[in-house]
Amino acid sequence: MTETTDTSPGWLSRTEIEDARGRLPIVYVNAVPVRVDDSGAVTSVGLLLGVAPDETISRSLVSGRVLYHERIRDALLRHLEKDLGPVALPHVPASPQPFTVAEYFPTPGITPFHDPRQHAVSLAYVVPVTGDCRPRQDALDLVWFSPEEAAGDSVQQEMSGGQGVLLRQALAHAGLVP
Amino acid sequence: MTETTDTSPGWLSRTEIEDARGRLPIVYVNAVPVRVDDSGAVTSVGLLLGVAPDETISRSLVSGRVLYHERIRDALLRHLEKDLGPVALPHVPASPQPFTVAEYFPTPGITPFHDPRQHAVSLAYVVPVTGDCRPRQDALDLVWFSPEEAAGDSVQQEMSGGQGVLLRQALAHAGLVP
Amino acid sequence: MTETTDTSPGWLSRTEIEDARGRLPIVYVNAVPVRVDDSGAVTSVGLLLGVAPDETISRSLVSGRVLYHERIRDALLRHLEKDLGPVALPHVPASPQPFTVAEYFPTPGITPFHDPRQHAVSLAYVVPVTGDCRPRQDALDLVWFSPEEAAGDSVQQEMSGGQGVLLRQALAHAGLVP
Amino acid sequence: MTETTDTSPGWLSRTEIEDARGRLPIVYVNAVPVRVDDSGAVTSVGLLLGVAPDETISRSLVSGRVLYHERIRDALLRHLEKDLGPVALPHVPASPQPFTVAEYFPTPGITPFHDPRQHAVSLAYVVPVTGDCRPRQDALDLVWFSPEEAAGDSVQQEMSGGQGVLLRQALAHAGLVP
């Protein structure tokens, strides 16, 4: 799972997390930030922009770990604020029902999702944001795409670990062409 | 289904609607207006207040017909505006997936839902509203209840046609005690 | 919507249905028949095969109208039996929540779904079938595809009215690559 | 969460699990076993029967941990077989989308769910079973209830940790009176 570095304080040291990651599935959230029109229909999708060590462009969804004693909706808010800034005004859905559960395995091919570092069970939500997005960390930028662009080959090839599939599953859930 | 009178212009005269209602299932929407906190959690539920012919109090969800060539999300907006006023600022969900489909039959007992006038197939959504609600029609008022009150016997007894059940199904979907 | 002719008895004559179709949205169901393995994972998808008047091949999902006073799950069973035969043993989901609602408009472009004859509001379900499928009507055949084939260009080009999109939305819902 | 003892082999010793339980949210599954009729409608709900140390009767849903490198649907199958026996023939849903996510906190009152031992994030599914259920472990029995009985006060009082709420949310999801 292409994930931005999780710098939020947790209850585990980095070494301890690494240890747990090799032995337990880790609870994650994935958020697909979207702009919607007055009728709630999705008009664009926000993707984080990064540069991989080999200088290729990489795009990713908002994602991160759920901490001990943290509610899922608080984890969503925390990671959205981390990646989109403090005035993005995300509207986390009223229901805890995710549109899907992405199972990232360290072994490729078991599901469409892969994370070499860990077995992550990620609850995925489409989250409308109505404010101003100002990514503030890790030199990441946020770029908005039309649903058609988001599902297109160009964007899909810049996503890794199956996040392109998850993005298309999100579009499908929103009633769009996946 | 306790429904507020549908005064919006349609493609059918009243007589023609009555005729169709006896012969085809009619497409409806039901909306459960809610207030949410910053994390998206439901804090209160809005119910319309009416007075039945026998002067008993009656509470109901937002509901109404989907017109020919009208999208479901436009029908939701139209009925929400009709019942909550023009500045209620409803946030219709990004996904067309309803939390349930309530099948109102003219014959009681087939499902938990009953409408003596028609067979209505109603797509039900939880809709956060962030603006000012000013019911403007039919002397209806809108009253906000805590989720606990909404699921309680007192409110449930003031709802008819199974809308109390639908309200509790909405609470369940929102992760609350139904 | 490419639909097999609905020969089941209804409450309306063909002329009356045609009349209503021009003036009211019509309630439909769409079923995506699938084979699943012991763990419930989808292994193949069944598509109906037809030959269009211009002799091109056309593939479609199970679909049809919901009759007056008919439950959605009974309409699903009726159309599945009509298209897959009496011993297909379909497992209609326990929940009435569809994975999406496909809105077929007579005007193309409003949604991904189009039906020149009518405005159909179609509740869509993935339905595992465990029995023997023997299509029995209109010389239709049923062909099973792997999820990859079903999402591929070849199959997609043989589907019309947006049913290829709906099929891919169903794959997304099942956790597969859409 | 009233859970039957998890005797399946994992990658962690009991001491290590206890340690992780105090520091990371643990991935769980909850299954609500149901009997359905030919149309897929739920006709009864299966609850496990246990006897608490104080000799009071306790009823619970199928539940348990997801192991490292185990798919959710395999965890569901494993716990269903553990609690219902090898010939229960569970039909795990085709979609990974749970009907809800129950967040069990060690601190009561944050959500309707509570587990004094851990922070568990539990993906909840309604699972039709068509075979013969023979609970085989821990002297647990399985008792079938009508949906009305399952939602009633008597059964609800015999469930703890919020599982009664989760059961009613499952009934709501299945279109029944919660």
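Per-chain residue numbering starts at 1, and chain names A, B, C and D are given in the order in which the chains are listed.
Here is the rule we use: contacts are C-beta pairs under 8 Å (C-beta built on N, C-alpha and C of every residue); 3 or more make two chains touch, one makes a residue touch a chain.
Composition by chain, UniProt nomenclature: A, B, C, D = ADP-ribose pyrophosphatase.
Predicted model only: the values in this text are computed from it and were never measured.
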Contact-richer chain pair (by C-beta pairs counted) among A-C and B-C | B-C
Between copies subunit C (ADP-ribose pyrophosphatase) and subunit D (ADP-ribose pyrophosphatase), are the contact residues mostly the same numbers or mostly different, with half as the line?
-> same
Through what angle, between 0 and 180°, must subunit A (ADP-ribose pyrophosphatase) be rotated so its C-alpha atoms fit those of subunit D (ADP-ribose pyrophosphatase), rounded to a multiple of 5?
-> 180
Can you check how far apart subunit B (ADP-ribose pyrophosphatase) and subunit C (ADP-ribose pyrophosphatase) are, centre to centre, with Cα atoms defining each centre and the answer in Å?
-> 28
Give, as an integer number of Å, the spacing between the C-alpha centres of subunit C (ADP-ribose pyrophosphatase) and subunit A (ADP-ribose pyrophosphatase).
-> 32
Counting only residues that touch at least 2 other chains, which ones in subunit C (ADP-ribose pyrophosphatase) make the list?
-> 71, 95-97, 99-101, 111, 173, 175
Flag every residue of subunit C (ADP-ribose pyrophosphatase) that touches subunit D (ADP-ribose pyrophosphatase) in the complex, lowest number first.
-> 34, 36, 38-42, 71, 73-74, 77, 91-97, 99, 126, 128, 173-175
Could you pull out which subunit B (ADP-ribose pyrophosphatase) residues touch subunit C (ADP-ribose pyrophosphatase) in their complex?
-> 11-12, 16, 20, 22-27, 66-72, 95-101, 103, 105-107, 110-111, 119, 121, 123
Subunit B (ADP-ribose pyrophosphatase) contacts subunit D (ADP-ribose pyrophosphatase) in the complex at 100-101, 111-112, 165, 168-169, 172-173, 175-178
